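We call the chains A, B, C and D, going by the order they appear; numbering starts again at 1 in every chain.
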Amino acid sequence: MLRILRDLLRYNPEFRIGIVLVGFVLILSVLASFSPYPPDQVYVVPPDVPPSPTYWFGTTSRGQDVFWQLTFAIRNTLLFGGTVALISRVLALVIGLVSGYKGGWIDRVLMSINDTFIVMPLLPILVLFYFVMRDSMSWLILALIMACLGWAYDARLIRSVAMSLKTREFTQSSVFSGMSTREILVQEHLPYVMPIVFSTTMNNMVWSIGLEVTLSVLGFTDINTPTIGGMIYWANQHTAMVAGIWWWIAFPTAIVVMTFIGLFLLAVSMNEYIDPRSRLSRMGGAS
Amino acid sequence: MNGYLIYIVRRLGQFVLVVFIGINLAYVITHATPIDPVEQSISAATSFGNTAPDAIEQMRTSLRELYGLGGSPVEQYLVFWRRILRADFGPSMSAFPTPVSTLIGRALPWTAGLLMISTIITWVLGNLLGGLAGYYQKSRGLKLMGVIAMGLHPIPYYILALLLLIVFGFLWPVLPIAGGSAMNLPQTWTWDFISSVLMHAILPALSLILIGIGSWFLGMRSLVSNVVTEDYVVYAELGGVDRHRILTSYVMRNALVPQVTGLAISLGGIFNGAVITEKVFGYPGIGSLLVDAVYAGDYGLVLGVTTISIVGVSIGVLAIDLLYPLLDPRVKVR
Amino acid sequence: MTASPALPARPDAAAPILAVRDLKAHFRTNHFGVKRYVKAVDGISFDVRRGEIYGLAGESSSGKTTLIKTIAGAIKPPLEVVGGTVDFAFLPGYGGLHRAPPAEVARIRWRHLSYIMQGSMNVLNPVRRLRATFADFARSHIDASDRQFEQAVVDHLARVKLDASVLTAYPHELSGGMRQRATIALATICRPDFIIADEPTTALDVVVQKDVLGMIRGIQREIGSSVLFVTHDMGVHAHLTDRLGIMYAGRLVEEAATAEIFRRPLHPYTRHLISSLPRIGDDIQRKGLEGSPPSLADPPPGCRFHPRCPLAMAACSERVPDMVETEPDHRVACFAVNGDQAP
Amino acid sequence: MSNALLEVSHATKVFSRGGLLSSRRIVAVNDVSFRIEAARPEIFTIIGESGSGKTTLSRMILNIEQPSAGSLVLDGTDLSTVRSNRDRLAFMHKVQPIFQNPFEAFNPLKQLDRYLFMTRQRFSAAVGQAALEAAVDEALRKVGLSLKEVRHRYPHEMSGGQLQRVAIARALLSSPKLIVADEPVSMVDASLRMSIVNLFRALRDDLGISIIYVTHDLATAYYISDRIMIMQNGRVVESGDARTVLNAPQHPYSQQLRAAVLLPEVTGGTAPANSPST
């Protein structure tokens, strides 16, 4: 694991940039713990102050410091993305591995459902959720819902790998070495699937954060918990753009774009690293 | 040909399944939550301004009927399905008493037109440029385009739409930034109207194209760089087959096959983008309709738009899937 | 296209159709810090004469595939030609396809030099009907009307016992044997002077294999091409090739007429290879060779066979033996056979 | 009446392909019967081309595939009754496979010795690290290797011939009575091939293990087999003593196969008339 990190850092510029961007955003989110102001209080600082040495990123029309507000927002947004990714990874892994290894009717049933979720337009469904739940909609519930809707594509990916692993001869060698199905899935197949899990984690976070921003901007989430989307929502409510309070929108936007590009670059470099051909040349197989 | 028939039947089955699961999801969401949707809707609809008490009562009755809240759960479920199958979502609460279906019928062509055109442009352009970038890996211009695509790809829809709005609405106001056509024009097939529609479509379409093109570009580039190492491409090169022919009929043609499946898979996502785009640019499609319906607490309209979008996206996916065998002759034996 | 059943002109030993001289082609890779430098082809010289089928035999890491890739001009990074020349009689003066201008290479491809690739499954474009594939490869080289061209293709397909209906088929609709016959027809439709064949029958069943080999021989005789035929299967060489070169770990170790190699192999490696082949009706105990073929990334010094060689001497691990013409038309690179010609 | 090690009677395997409307039935193995005696270890060769059903048959013997009809009985146990984990272990204790591609026989991401120790632990009472290592080393020595050469090595560090030896050593560690080898030398280099083939002979003669050798290659089949069985399109077309059958095949298909073997010597008839070496 550490060696992979070292190799990537040393030889892959995309990974380096990605790490720097994501690292910066992470530091920012950690700073939330040191904020002098609680996130949910308004009018704690003078409103509408442009960026200055006192207020680095300016202040909002609601009297909040954009910088400190942003630390909370990015922390919550990352937590949100991470939660969705974590839960949906577990779903995708279990369904993908079982479907691929077991085959037969289990596979057919699971994949039919899977394909349905892949093409389902999620936004209207999420909107419908909000419409019914209204104020009871917390970000945790939203994360759960999105995790339940966001595993399908990656489960298919994992399944296809599991299927090809199943037909490889070493799987039979393992069977005849006396290993149980669980041992084979966990010890023999999981190492092949893990890199995919890592790289899809990044993509999944980009996806879920993007949807969260969209929903928040429309006001279809719990707007009282500060998130990046929530900040932009409030800025829009106060017509910040027209009023010239550009920093209220510009900094959250910049941070979320940084996060996305960083995560995306990590996924790209990870993909290159796990590409079987590149993997083989690293190991130095037969020519 | 028999293989093609099996394929069609399978895809139709998948289509029915998607619609079935999607609509059941809508049922579960609206019926299985502990919140009373009727009271929710009424409080949302009446939160602005005063509504006469008997009007509220009338709303309550019609909403209860609409939800099918009377009777056993099985009856409720059947009533729900009956309404969906008849496309009968009742009258709209926010535009009372216009039926929901009329509102959707009015908005649908806008969304369908915008989405179809921008999706086709995005797909063709992204795959063409991505294919070229994968084939001519040394070209500087195409490399630069790759960097731009990588940068554009992960930006959230909303942010990009907002940026376009700022640039073309405020900094350099050359394009109309809101609406589907100029307000003063009658909606008839005159040149003035059509050109106005096109002008108004440029910004929303541009935002959809910019946001979507990156993933096609990157996907196609990596597909092509795999296809060029395939035996049949190497063989054609050794055979002295015309370079142009190799690029089109050998490399692009084969790399496009998975991209068609990809298009079907991404349709749902494209629709998500359209909702936010329509809202930002005030485009009179069903995305705007959905958002406004939520604000207004218009249950029938929200359910109607949700159902229509599930069915619409599924039809799109089905259409692409049915065209797929034209591109890949191997489907018939699988 | 008039069929000329006449045999090619008597081979002129002075002017071979292909002359390879001291060819060196190496792989250089660097993936995440793991550097590899593989000397897959390391100083190979040989001639292919007009009208003959020259066989190349070798094991999986002998460099034979790299050698023919280099000869065919299919050189892409990480493969690079480090030295030596490849001279075709129809492409004089450049020293190899990789050095010739693209227009010249385009001129000779398929008209003069064609190629039959390993594995028939993926060699034909899966989304293109065979008619279009034939047109892609051959149309520009054959001066005829479309009707005449189509007729020529149909006539030619008949030579490999394929019906005209395969032209409307996609590759996946044909069996493995039919596909391979179709690629042979494709490779010979322009009556090229030189055909490179890389394990064309390895994936086929034995009965089909024999048929296909017969067809290759038949067409080669009819159109008078020279063929460079690569396979690890000594049975195929015995059946088909006129002369045979044996490769081991990136070098040629022996070359002679095929019959001569089977009758009197000289190099210890060749001797082992021939004697270990089981034969039906022969119960003599056969032995495997100790050790393994060396890694080309880190080959042993001197003669690369010496760690496994029963005849190894001190010189073998120090210097590389040259290919010496021990007898007329029989070259061997071995100190034990030729004696140590120390400088 | 002597005991059968393996009794295959009327084994049939049908695969159905296709979807809801038209399912194509493919009879991969059609009514195959044969018997291997427990008292007389032998090398029994199944010969066939692609599509002959030889691999499906070998997978049925390994209980990876279940027959559609007929039965396979190994050492008194009907394979269809082998379901529970314990039964499966008991079954694999008696039968072990060797596969075609030595580079694929072990997980490329894992060390080789792990499979050897695992097999020994699962199929014999564990008796401590030292005894375990001794057993693994002994098995490796039987195939001409040693634990020192294999310990902590990854598959890509070994040649195909070495890997196939390790695969055989792994199979030996469960002390099987039967080894099923599907094309075990077709991907091994020519110079190493005969050592592996000779190894199979040694297993039969020295350890009393019966071997089912599945191949398309008549020459190696002739070299090591006691009995052979020729299959075509799922059916057995001819079987019997290897030398008798291969020297004088009776069935037209066997004759065709025999005639298609390319002899490793240049015969006058096939040498070209225009050979420039003349």
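In this section, contacts are C-beta pairs under 8 Å (C-beta built on N, C-alpha and C of every residue); 3 or more make two chains touch, one makes a residue touch a chain.
Source: prediction; values computed, not measured.
Trainee: Taking each chain's centre as the mean of its Cα atoms, which chain lies farthest from chain D?
Mentor: Between chain D and every other chain, the largest centroid distance is to B.
Trainee: So which has more C-beta pairs touching, B-C or A-B?
Mentor: A-B
Trainee: Per-chain Cα mean versus the mean over all protein Cα atoms: which chain has them closest together?
Mentor: A
Trainee: So how far apart, in whole Å, are chain A and chain B when each is placed at the average of its C-alpha atoms?
Mentor: Taking the mean C-alpha position of each chain, the two centres sit 22 Å apart.
Trainee: When the centre of a chain is set as the mean of its C-alpha atoms, what distance in Å lies between chain B and chain D?
Mentor: Computed value for the inter-centroid distance: 55 Å.
Trainee: Calculate how many whole Å lie between the centre of chain A and the centre of chain D, each centre taken as the average of the chain's C-alpha atoms.
Mentor: The separation of the two C-alpha centroids amounts to 48 Å.
Trainee: On chain A, where are the residues touching two or more other chains?
Mentor: 283-284, 286
Trainee: Mind pulling the residue numbers of chain C that touch at least two other chains?
Mentor: Only 60 qualify.
Trainee: Where on chain D is chain C touching in the complex?
Mentor: Those in contact with chain C are residues 49-50, 158-162, 189-198, 216, 218-220, 222-223, 246-247, 256-267, 270-272, 274-277.
Trainee: If we count contacts the way the header does, which residues on chain C are in touch with chain D in the complex?
Mentor: 7-8, 11, 49-53, 59-60, 176, 205-207, 209-210, 213, 217, 221, 232-236, 238-240, 242-243, 257-260, 262-263, 269, 272-274, 276-281, 283, 285-289, 292-293, 308, 329
Trainee: If you look only at chain A, which of its residues touch chain B in the complex?
Mentor: 112-113, 115-125, 127-134, 136, 153, 206, 209-211, 213-214, 217-220, 229, 232, 241, 249, 253, 256-257, 260-261, 263-265, 268
Trainee: Help me check something: in the complex, which residues belonging to chain A touch chain D?
Mentor: 168-170, 172-180, 188, 191-192, 283-286
Trainee: In the complex formed with chain A, which residues of chain D make contact?
Mentor: Interface residues on chain D, with respect to chain A: 62, 64, 85, 89, 92, 96-97, 99-101, 103-110, 115, 118-119, 121-123, 154, 156, 167, 170-171, 174.
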